[in-house]
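Would you mind keeping the following structure in view while I ask a few things?
Should a chain be cited, it is by its letter among A, B and C, assigned in written order, with residues numbered from 1 in that chain.
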Amino acid sequence: MKTIKDVAALSECYDLLIIGAGPAGLAAAATGAELGLSAVLVDENPAPGGQIYRGITTTPVTAKETLGADYWRGTDLVRSLEASKASYAPGATVWSVGPAPDSPDATGGMEVGVSINGAARVIQARQVIAATGALERPFPVPGWTLPGVMTAGGAQIALKTSGLVPDGKVVVAGSGPLLYLLTAQLRAAGAKISVMLDTTPLENWGRAIRHAPDFLRSPYLSKGLKLLLGANRGMRIVRGVKAISAHGDNQVTSVRFRHGSKEEELPCDVLLLHQGVVPNINLANAVGCALDWDEDQLTWVPQTDDWYETSVKGFTIAGDGAGIAGAEGAALRGRLAALGAGHRLGRLSAQERDRTAAPVRAQLIRASRGRRFLDVLYQPAKAFRVPTADDTIVCRCEEVTAGKLRETVALGVSGPNQMKSFLRCGMGPCQGRLCGLTVTELIADARGVSPGEVGGYRLRPPIKPITLGELAALPKTPAAIKAVER
Amino acid sequence: MFRRLPDLGGETVTFTIDGHPATARLGDTVAAALLASGIQSCRTTPVSGAPRAPYCMMGVCFECLVTINGIGNRQGCLIPVAEGMVVETQKGARSIASELPAKGDAA
Amino acid sequence: MTQNSKTVSEAEIAVIGGGLVGSATAYGLAQRGARVLVLDEGDIAYRASRGNFALVWVQSKGLGMSEYAAWTKTSAEQWSTLAKSLRDETDIDVAHHQPGGFMLCLSEAELEARINAMRRLHNQPRMVQYPYEILDHDETKRRLPAIGPDVVGSVFCPLDGHVNSLRLFRALHLAMARSGVSYRPNSHVESIKPDRDGFLIDGPWGQVRVQKVVLAAGLGNARLGPMVGLHAPVRPSKGQVIVTEKAAPFLHHPIVTVRQTDEGGVMIGDSQEDLGFDTVVTPPVISLMAQRAVRMFPLLAGLNVVRTWSALRVMSPDGFPIYDQSQSYPGAFVVTCHSGVTLAANHALTLAHHILEGTLPASLEAFSSRRFHVSSAA
């Protein structure tokens, strides 16, 4: 592996450029390099691992049982990257991907804007694999912008990278298998969590049960049982929570919640929220990939073929970014994506590709078994996706409330892009990552149509921050001069 | 809000937060170092002036924006803390007029 | 706002298009007591109104048609009336400011060309008079301390200003709703058929009969015009725009290519490309726009870009607006221009009045599309 520390060290053109050094990206880069492709893995974090294996090479939490055996599996992925001929650029952001103006061949060459340490460059890649993973679903409840309220995943990252645990009166709230895993990891590390507020709608069990047979044959079963049993020891769990709000002036000091007909308020220094993860589709969206609304996962999922190539030629999405399937599945999908790209680049025949892929696909089927059950069981309640209280902030950056959004739908604004123009929601620095799903679902709810019909924000590069100075230093073309200098 | 696990070992780095000396563990991001130092809020918003603190720790929410070595609106959760780093919390919109000349000026 | 079909004469006038041009006109019509229906497209459409630069701009407008210079100046003068009436109606402050605007030049050649253009503009017959100043670097620096050494000079005009165009958009829609305008999104118009009693408008959503119809559909006017005997040969002109994160106020005047919004973000714009309906953002173009902005204001270099986008201007063959009433089917009007913000005041306060009266005055004759027949015959 060759480590790249500044943009000048990047080649002009790569066969394969991979974005994101989580399980899918690590596997794709190593596989691509094994196929003899010139491959570069670009990642915005200082060290490899993505979010699930965050800090895998650097974590100070060395007691294996704290983060668990599944976490330490990431080590092998990093090792195979290190052993490969791929290049690896940490601390590097990709702010733009588009079709190359003069594509060198028919495989769909792409042009990629990369920025490292304050300097930008545009390079070419014959194939791009985006392994941009997942992010936690927005959890818009009153008070969720207060200091002291953070995502459970955020607290997990602080633990993995820095050995930090939340202190004082800690409350976790939400739903999904990861909530239980993160809680278990934090407790194993020594965090005292006083209460878990479980928001899983009890009625979900009825709908999930028909997918149970697969789940019962899956490895999720034993892991899940272990987590549930562990959670019941030494921590109060409140199930069927219907409403949550955080309170405090400049910092959260209490959390209020409703379960059954009871309202309760508890003092709280740290409130950790989590209700599942959704694909991080900002890049795919900006590139122009066709996206579908997934009724089970309640999110946008890019359209992909068997090799995860999207509707945009040469642009592939591997891992959770192409629909949530977990870390093990992500690594397998990364390998398949690299095999697909290798074939398109003429490195291996269709037969060779399929032969190599067959055992990977078999593993993927095993790894994905039982997901459907979890998807349906842990669909967050509508009240936590479409806030009912009008003063709940939906767009954190521009501070746009649910009430304002509903008022504007009533004015005739029928989609999120018009909504942006009217209210600035989604126009702040996070570019709609924390409000996009909520805004779509809220409009759909208010109009009485499906989220798929409403559509999502249409995004444009840069999808990561780039300064005007960096942008200004990029090469110009005669056509650009004609367009701008008059 | 957060405390460091005991016996982590590793090197420490010293830096400043709003002029006050602070220590972090080498490998911490700026956002993690702020949490470890007990900083409640790292900025106030340019829209309403409300206080905010790190939220996602993975580069997507842009809540942990701080001024680092004179340059405003940097994502604290993506930048490793370094020896001698000058970190400042922010009030409202970034003031470019009062910042040091930015690096990466156009040629 | 239901989408029933067979709505017969729920309104006297249909405005096709709910962008800045359509909504300003519709608001003006409703303010004068008309029952108005606005038919608009949906969330994804070629919306020039979402891509505009929000200038209320006078200097440099009208070279080749002095009537356009006068029309623009009138609109700039009426703008505070529009802003006030919107505030009274909706409580929304559209942040209209008229501090005077600059065109900054980055070379002697650019400055020379600019000065010549201003002279030619103002030497035209029947040209409306208004003040402007040519400033050297030092005087420009005195008034705009943030400029860099590459700025050789500027042209300043005290009539220039800007608004918050997103808030303008919302204020117009809210004001329309409050003045009884019926607004229907997702109502693409397929055909307009003139008949004895007016016009029958058809789309997948149903149909509606009205006495008058105003085409304010931007680029869509080229298709709709011929259905009612109007000629609107508009074509797209691509413009790319950059917007930065919010910064504390540092720039108190709009520059034709750089402005700081009242909310703090800095907009950089004004590229022009003839690429049909292509709206891809291209790195070389935004790079050059960024470079020029940074040369004008070096302190911008460290600001983060939050968004770029491109939108399609609605350009007539000579770049000037088209205002016309159909000769074969009176009651059908076309309103089209690429300065929907600057001209919003005229559209709401003046043009709407003429449309309601049923005749466009002689002063607007110059904007008729007949000018294109003349030139093609010559």
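Following the convention adopted for this analysis, a residue touches a chain if its C-beta (ideal position, glycine included) is under 8 Å from a C-beta of that chain, and two chains touch if they have at least 3 such contacts.
Please read these numbers as outputs of a predicted model, since none were measured by experiment.
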{"item": "Most centrally placed chain, judged by C-alpha centres", "value": "A"}
{"item": "Pair joined by more contacting C-beta pairs (B-C or A-C)", "value": "A-C"}
{"item": "Centroid distance [mean C-alpha coordinates] between chain B and chain A, Å", "value": "23"}
{"item": "Inter-centroid spacing, chain C versus chain B (mean Cα positions, whole Å)", "value": "42"}
{"item": "Inter-centroid spacing, chain C versus chain A (mean Cα positions, whole Å)", "value": "39"}
{"item": "Multi-chain contact residues (two or more partners), chain B", "value": "47, 73, 102-106"}
{"item": "Per-residue multi-chain contacts in chain A, two or more chains", "value": "428-429, 465, 467-469, 472-473"}
{"item": "Residues of chain C touching at least two other chains", "value": "245, 263, 290-291, 294, 300-304"}
{"item": "Touching residues (chain side chain A, partner chain C) in the complex", "value": "96, 98, 101, 111, 113, 122, 408, 411-418, 420-424, 427-429, 431, 454-455, 458, 460-462, 465-469, 471-477, 479-481, 483-486"}
{"item": "Partner chain B, residues of chain C touching it in the complex", "value": "146, 245-248, 250, 263-264, 290-291, 294-295, 298-304"}
{"item": "Contact set on chain B toward chain C in their complex", "value": "46-47, 71-73, 92-97, 99, 101-106"}
{"item": "Of all residues in chain B, those that touch chain A in their complex", "value": "1-5, 8-10, 25, 27-29, 32-33, 35-36, 40-41, 45, 47-48, 50-63, 65, 73, 75, 77-78, 80, 102-107"}
{"item": "Footprint of chain B on chain A - complex, ascending", "value": "44-46, 51, 54-55, 58, 60-61, 91, 118-119, 135-136, 145-151, 153-155, 157-158, 161-168, 189-190, 250-251, 269-270, 280, 396-399, 428-430, 433-434, 465, 467-470, 472-473"}
